[in-house]
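Okay, here's the structure, questions in a sec.
The first chain written gets the first letter, and so on, giving A, B and C; residue counts start at 1 in each chain.
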Amino acid sequence: MDFYLGLLQIIGVHTLLGLSAYVVLLTGQVSMAQAGFYAIGAYVAAMCTAMFGLHILPAIIVAGLVTAAIACVVGFPALRVKGLMLVVATLAFGEMVRLFFFNFSWQVERGGELIGPNSAEGFRAIRFFPENGWEIWHVTGFIWIVVAVVMGALWWIDNTRAGAVLRAVGHDETAAQSIGLNLTAVKVGAMTLGGLVAGMGGGIYAHTVTHIEHAVFGVLLATFAIAYPILGGLGSVFGTLIAVIFIQGFLVEGLRFLGDWRSLLFGALIVLAMNFRPTGLLGERMPRLFKRRGPDKLELKEAE
Amino acid sequence: MLTLENLSKHFGGVRAVDGVTLTIREGEIFGLIGPNGSGKSTTVNLITGLYTPTTGTVTLDGWDLTAMPQHARTSRGVARTFQNIRLFGNLTVAQNLWVAQNGHEQRREHFLSRWFKPGGEHGASVDELLQFSRLYSKRDVLAGNLSFGEMRRLEMARALASNPRVLLLDEPAAGASQEDGQLLAERIRAVRDRGVTVLLIEHMMELVMGITDRIAVLNFGQKIAEGTPREIQDDPQVRAAYLGSGHDEKMERASA
Amino acid sequence: MDYFFFIDLIQSTVDGLLFGTTYALIGIGFTLIFGVMRKLNLAYGAAALAGTYIGLVVFLMFDAHPALVFLASALGSGLIGLVVYLCCFRFTPSNYPMASLLASVGMLLFIDEVVIHASHGLPYPYPSVFRDAIIELGDVWVRGDLLFVFFMCVVAMAALFWLLYRTPLGLATRAVSQQPRAAQLCGIDVTRVNMMTFGIAGVLGGIAGAMTAAAVGVLSPVIAMGLTVKGLIVVVIGGLGSIPGAIIGGLLVGAAENIFLLLRGVTERDIYVMLLLFIFLTLRPGGLFGSAQTRD
């Protein structure tokens, strides 16, 4: 039972990671910086609880906000470039963040031991959950409440004008500009929102594993982040969730009997998917959001 | 109302637009014609801000647009369509109009209600435009699934969604048949009757001669003539410019 | 600034410039592929690494001469380059440029995992030559093995230039990189040119990988990421699509990296290199020699 609850936790935090890339991807930008944002969120939230004794909830909110602010600041220069060059720029940023934490050391004494990020050794003893007597199902429940709230919020935004604007920019930037949309504002906005979600996800992740280190937040994690929404399709947030369940649940855990060889499958899966279903397993079909209101009495006028 | 003052755009050594001065009056349908490569589309891109001019200014109602980014020009009242239709094929017809509501008045709406209005409430202005463009019954269809004619109508409607003062139509008859041209002429007049000034860039002479109030002719980036359709047809310089480029026959037909 | 620091600085710069030629080769590989296809191949560094491992297998199994090992590395990498082309670029839809990019990221992970699996993630000794030869120029020492690396890379570049400017295949390649559609209409088989380019770029990558391993004396899977990232930095600084830009970018990155190493130590070195890349990308996306416009 604990195994499945643990798996649910992994799926939960990875869903947040995938959703953060989903938001940015809606505007047509492929960001490899999501693992970097995730790392920032993880370290900030862990510092809040382990070093300053905050409760987990304000800690992940702080982590989300700090990450969003950084994403916003990074977005302005980074989004000047697009397409392939943006991939390279965000890749560089993500590696920069990882290497920063590789060198970052700041420890305080708490309860007789030194606590805090300690460069290559990582950040140990992020023990908010065990210290406060949370059972594994409490933790799992908490994660999924956050996931549900975030998914609900993103789903709602997707159905508003803001969502349509994100998709419009993603479809054709020249046309979007010509109808008066400020591309920089829209893209940086999406990046900021993505940063918020990634920061919250990273914050939760740090507490579920209790020990974080720089190596986790490398290119592999960044690839996971963009692979989820791309494989799941950009139709809605649920595509990302399904892709996470498929990859983490089936590929990583379900095929455990294959041993280490299953780590090959992820790369191979992306190659195959891009050859056969490049717009995602579920495709980019918009769910029916715009239901007709009332009888079509107006159509009579048109017929004249 | 819309004034181009000594407008130039050079690409390296090529002078795509070379010192063009034009004034378009409020409420008129103004035609901009010229042989291929004469700088018509570049002029449109200079007015909408896709390109920055090498020299010269663009002013609308006394507002200097030259240094403004594209999105600011839209809120000042400049809208356009594209020669090769550029719709948001992943959005529905209604959504295409909805996202384009970036006019001056529309920007004053409260931030939250402007951006986070839920999907069903596009507002009366979108419905009105849908009817104007005879697309109301298609409003929930993805724009990418429309027919060619419907796409053209939707693109014009999308340009009107920001309540522009001036609408730039970049070859709206490209790919259209003769009969479509007739319908198009009616539509352009209907747009003008809504109080929108129209700048029409077009190859189809019948259309331009039939509906414009005044015409300017570009050749090699320079304005070689300006006047009423009648005057333009009689202008020897214009005829010379079109001779050999295959358009003189059309000129004859249009004047006949 | 005292004398010894000054000598250290010169020493670092010289070593960096010599080793930078491997970065230049990797950069040229990225640039060649981008030139003909307008696409980035992120699996390129991993393919170069895998090729180098093929050379290592030859070394371990037959105890071959270093020259043979280097040759096997180059050819192996060229072969893997072709596989990458077939898996990630040949059949992905061309109207969706991100498809091939992501496929190449998938390939990067795949190749990386295969190599780690096959080698159990352990570093292996790799043959190097002129390890003990040192040329002394006053207080600055030029290491023989680095000089050999430099020499090999320059030879590879010269061969490439000969190929590009003196052979029909090179002419076709340059034609495709300038006007793919027109080249096709002139009867050039674009697919064949693309394949050849991947093969040639792969060979260059294999040489770069072999030289990187030879300079250090050991081969470990971690250098794949280094090759990829350094190669990207080089092309971004030099301008995607420009071969002279890649050469200068490579030397610049090699020197800058060694100077940062001297000033800030090994763990912080790469942060500054990344920062350099980020700044270059956002302030001058076209690079030193490229045009400002970047296609996607």
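Going forward, a contact is a pair of C-beta atoms (placed from the backbone, for glycine too) under 8 Å apart; a residue touches a chain by one contact, two chains touch by 3 or more.
A quick map from chain label to UniProt name: A = Amino acid/amide ABC transporter membrane protein 2, HAAT family; B = Amino acid/amide ABC transporter ATP-binding protein 1, HAAT family; C = Amino acid/amide ABC transporter membrane protein 1, HAAT family.
These numbers come from a predicted model, not from an experiment.
Q: Based on CA centres, what chain would you say lies at the far end from subunit B?
A: C
Q: Which chain has its Cα centroid closest to the overall Cα centroid?
A: Closest chain centre to the overall C-alpha centroid: A.
Q: Could you state the distance in Å from the CA-based centre of subunit A to that of subunit C?
A: Comparing mean C-alpha positions, subunit C is 32 Å from subunit A.
Q: From the C-alpha centre of subunit A to that of subunit B, how far is it in Å?
A: 41
Q: What's the distance between the Cα centroids of subunit B and subunit C, rounded to whole Å?
A: 49
Q: Per the contact definition, I'd like the list of subunit A residues that touch subunit B in the complex.
A: The touching residues are 156-157, 159-162, 164-165, 167-168, 170-172, 174-183, 284, 286, 288-293, 296, 298-299, 301-302.
Q: Within the complex, which stretch of subunit C touches subunit A?
A: Residues 39-40, 42, 87-88, 91-93, 96-103, 105-114, 117, 225, 229, 232-233, 236, 240, 267-268, 270-271, 274-275, 277-278, 281-283, 285, 294-296.
Q: Can you tell me which positions in subunit A touch subunit C when the two form their complex?
A: Interface residues on subunit A, with respect to subunit C: 30, 77-78, 80-85, 87-89, 91-93, 95-96, 99-100, 102-103, 119-120, 218-220, 223, 226-227, 230, 260-261, 263-264, 266-271, 274-275, 278-279.
Q: Could you list, by residue number, the parts of subunit B that touch subunit A in their complex?
A: Counting only subunit B, the residues touching subunit A are 48, 50, 69-71, 73-75, 79-80, 82, 86-92, 94-96, 98-100, 102-103, 114-120, 127, 131, 134, 136-137, 139-140, 142, 158-159, 161-162.
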